[in-house]
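Multiple structures follow.
There are two complexes below, and they share chain A, which is joined by chain B in the first and by chain C in the second.
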Partner chain A sequence: MPTLTVNGRRVTVDSDATLLDAARAAGVEVPTLCQFDGLEPWGGCRLCVVDMSRANWDDDWFKVVTACNHPVEEGMMVVTDSERIIETRRVVLDLLLARCPETPLVRRWALEYGIERTSYTPNPEPDDCILCGLCTRVCDHIGVSAISSVNRGWGREIAPPFHQPPPDCIGCLACAEICPTDCIPYETSNFRRKIWGKEFEMLRDPKTGEAVITREQAEHFAERSGVPMTYFETSDRSKRREMAKTFEKLQVVK
Partner chain B sequence: MRMIYKVSVERCIACGKCELACAFAHGSEGRPAKTRINIHRRGPELGTPIVCFQCDDAACVAVCPTEALVRNNETGAIEMVRSRCISCRMCVAGCPFGNMLWDDAYHCVQKCDLCGGDPRCVPFCPTGAIAWVPIEEAAIPPEPLDRETLVFEGGI
Partner chain C sequence: MRVESKEQFESLRAQSLENEANRRHQVLVCCGTGCLASGSKKVAEAFADEIAKRSIDATVDLFVKSTGCHGFCERGPLVVLNPQGILYTKVKPGRVEEIVEKTLVGGEVIPGLLYKDPVSGERVEKYEEVPFYKHQVRVAMRNIGRIDPTDILDAIAHGAYSGVAKALFDMTPHEVIGEVATSGQRGRGGAGFNTARKWQSCKDAPGEKCFVLCNGDEGDPGAFKDRSIMEGDPHSVLEGMIIGAYAVRAHEGWIYVRDEYPLAVVNLTIAIREARKYGLLGDNIMGSGFDFDIKISRGGGAFVCGESSALMRSLEGKTGEPRAKYVHSTEKGLFDLPTVLNNVETWAGIGAIIERGGAWFASMGTERSKGTKAFSLVGKVKNTGLVELPMGTNLRHIIYDIGGGILKDRPFKAVQTGGPSGGCVPEELLDLPVDYEELTKAGSMMGSGGMIVMDDRTCMVDVSRFFLAFLEEESCGKCTPCREGLKQMLHLYDRIIAGKGVDGDIALIERLAAGMQLGSLCELGKSAPNPVLSTLRYFRSEYEAHISDHACPAGVCRELTAFEIIEDKCDGCHLCFKACPVDAITGVVKELHVIDHDACISCGACLDVCPTNAVRTFPKVELKKAEVV
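Presenting the complex of A and B:
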């Protein structure tokens, strides 16, 4: 278990922890946008940068690294609030604010670092997507990979292949739920669901008629788990009712 | 002492106090529809409380792609770690008993976490249909409930 120093505070963490874990263990807040505990760290938003110095380096020699995916080492020294770190984060937020001048999440973080208006030319077509990649990573993680980032530079965006309704999408809405700026539009009702331009038919409980999940989702789960498709047609309410019926037999009423 | 959540189906009178207590304890604006314990009502004063079994080999834990459902060894409850949940709802589809619930207001799944070892629904149960007992007492059959002599105070 390596021991390291974060902002002068000594902290001991697991050997597979990251600098971000160490900072959190020391009670130091490091801003993040693309980090999510359940997913692999990515280092895409560059907001979690910190100054890091290894044990065998000169005392005043520090390197700027992303905290979310940098492994910890014995005797490391981490500084999260040095002048150049604050300046780096300001540049990142300034650029993000130029891209998304109207997004509340970005504006809130920018204001925290004293930026009210971007010093660059604001995006003439404001977009809420901050390209954090959480949606594509969550889609990869559940084994679907229906969407990805396309193009490069300022043309980069998150989209399904060829901007067509993605054939692999199962309509689970995990991408829309995880999006920190809620910028993935979807529609859902008892009968239909629509996301990324693809229409889904909802499976409905044969007894109560409630919508359960999409047919594609049930097929995906069935394939993954080896459980027959019909298992996923039952809603949770229906399952509870079935279970209650089993217990009724135990109930003795005077 | 290891404690266990005990449900005595034959003592339930379907009053719904546990549902209300749960809805308030978990901050879902006290909406009884968003409780984690559900009473299946099947007649006047006849109900079956349905709540998570905290299965040993749980389907929800097995299907979760991000290991967001972990067992708390102290209480024995399987708890949902909000910061790891990606809202894919695989656990809702996977639970064979319908005890994983989707909360539309908070956009995450909800499940019984035994309130960290002090289930809030238990003190509100007027007939002792749900109880929090030492594990040795779990198999003791419950006293039958004499429904004829039940007295309702302050009711209509």
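Presenting the complex of A and C:
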């Protein structure tokens, strides 16, 4: 278990931890926008940059790296608030604010770094997408890959193939729920769900009539996990009821 | 015939050499992309026809080779007649009969087709005597223009695969790496990482399986050295890769070729097929027991795929985007397995290093940059084309002795090296010895070896904008600083060029540049501010003139520049009248011509055609001031 210092505080972490984990363990906040525990680090937003020096480097020699994906090493020194780190984050946030001048999350972080208004030319047609890639990565992670990023550079956007309702989408809403700026619209009711222009019918609990998940999602998980379809058709309330009955029986036995 | 042993390979080589020597005459027609574009295929066909027609004449035994790029692209189509080594430039099919008649049969040189040295004004007869070639030292490009890239026996006669034979039969993998280490060769793709160290760390990486890759995704504007090597001598690339694979014990390799290089793909494909046929590639190479095969992968048209991690993602069939990882690809590269990725030029030099020894290679160059380096010399120089020189050669020698000086003998202003992410080196640094460290110190970089020479009619703000626009188009958009930063940088430049720059713009540019350098994910974004910072460093006053005086000192930026004809100098040749696309010039032959400022769009066409330098530029603001008065 390597020991390192973050802003002068000593901290010991698992050998497969990242610098971000180490910073958190040391109680130091490092801003992130594209990081999500459980997904492989992506290193896209560049907000989590920190200064890092290896044990065998000269004391004053630091390298700027992203904390989210940099592995820890024994004796490393991490500085999260050096002048150049703050300035780099400020440039990143200033730029993001130009893309998304109205987005609360971006405005909040920008303000935190002293930026009220962007120094650059604001996006004439702003939306809330900060291109953090969390939606496409969670979709890949689930094994669906219904959406992806299209185009490159400034014209990059998140979209289903050919901007058509994605045939592979299972309507699980993972993309919408992981989105840090809530910019993926969807509709869901007891009967129907709609996301990315694709409509889904909801599976309903045969006993309570409640909507559980979409048929496509249930089939996808049933196929991958080997758990029978009936499990996915059962609502949480039904599951609780069943559980309660089991407990009643247990008490009788006693 | 499959080569089954070292002895068989040597006899194949001896046989090929003998066949070569038996040919009394040889006509080499350059069929590189540059010459093909100027019609060299027709010239080659005309030679073949003409020679066939005269086959009755037993004393003339001829042979037409379609050779790869000689590097002197501006003078194409190029023809070299051996054994005399006569070079004819700008050969048209219509003159082939005359060449065959006079030079091949009669042994007489046709002066009109010879290259005329723009410096001395003299006609040069021999290929090696042309200043453009005379000063060069060719290692990676050793056989380009000398061999037919589609004929493996020709390549073998000129030494191809001898390095493979030596490495496989006389050396251990350890010794191969040792020899490369002695050579001190550093990666020719631009970053300049030590080749031997890269191989060693791949060899040391745990795991049985590893790969060797060749980066042929050359995408810099104005760079074409890798293309010429792949087109002109694909065997040198295969040879280097086989040796490298032997050193790290890889059995599979890929060449990632830019899809806009169709001839490179064709010639590489032929070379691979031929090499397999002769047992120089595939299972049991030359009977040595070592297996290694190469496949070609065609790039999908993204500049960023030249970046190592993006290239590997693209090869895996994923989106060609850089991956943020702090593990070297020599440990976790393609499919997360140890991988050696080297540039085309790096691989092309390996065969020569093994055959002639690392010490020979290290005897050329500077303290920290050994050997020779290929450059694509383009822009406002008299001779443009490919140049290979020992490291440490100074810029003045390259531009004036090899490039022949600036076009129309205008003053030199700057040379942009290293592609779009490189920087501009000004006149006061012309004596700079070109190597990795010196260029970096000057705020530029070695990069792909592109060299764009610029004269006084170049606006440095406009040049920076050009490279920014290229990078903005090519940024993948994965990380914030590169995606948003390039867009905003371009906005700022557009504003300055349009004369709408404000105080503080330069400071904002510098802040943004620093943020991009530190914050970007891959080298594309990190190095994107180089053209900006190097022009700010050496030509800051030009930026200031654009912003505070609303003037473009070079007279390039259209919004800021007006044109007029100087009365004393105009001889009424009427050329500007014809060149003007908007009919803004009035005047009749042999009389003074005048530009109508309201109609003029400041394109500069008149200035470019004027033979007496009678067109002058001045800031547009002066027009407005005159109106007020």
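Following the convention adopted for this analysis, the second predicted complex is superposed on the first by the 234 of 254 C-alpha atoms of A that agree within 3 Å, B and C clash if a C-alpha of one lies under 4 Å from a C-alpha of the other, contacts with A are read in each partner's own complex, and residues count from 1 in each chain.
Here is the rule we go by: contacts are C-beta pairs under 8 Å (C-beta built on N, C-alpha and C of every residue); 3 or more make two chains touch, one makes a residue touch a chain.
Note that this is a predicted model, so its numbers are computed, not measured.
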{"item": "Partner chain(s) touched by A:213 [first = chain B, second = chain C, both, neither]", "value": "first"}
{"item": "Touched partner set for A:243, first chain B, second chain C, both or neither", "value": "first"}
{"item": "Touched partner set for A:1, first chain B, second chain C, both or neither", "value": "neither"}
{"item": "Touched partner set for A:39, first chain B, second chain C, both or neither", "value": "first"}
{"item": "Complex interface listing, chain A residues touching chain B", "value": "36-39, 138, 141-143, 172-174, 177-178, 212-213, 217-218, 221, 224-225, 232, 234-244, 247-248, 250-254"}
{"item": "Complex contact set, residues of chain A against chain C", "value": "41-47, 49, 64-66, 69-71, 84, 87-88, 90-92, 95-96, 98-99, 119-121, 131, 133, 148-149, 151-156"}
{"item": "Residues of chain C touching chain A in the complex", "value": "302, 304, 319, 324-327, 472-481, 483-488, 491, 508, 511-512, 514-516, 518-521"}
{"item": "Residues of chain B defined as touching chain A within the complex", "value": "9-10, 38, 40, 42, 46, 48, 50, 63, 65-68, 81, 83-90, 92-102, 107, 144-148"}
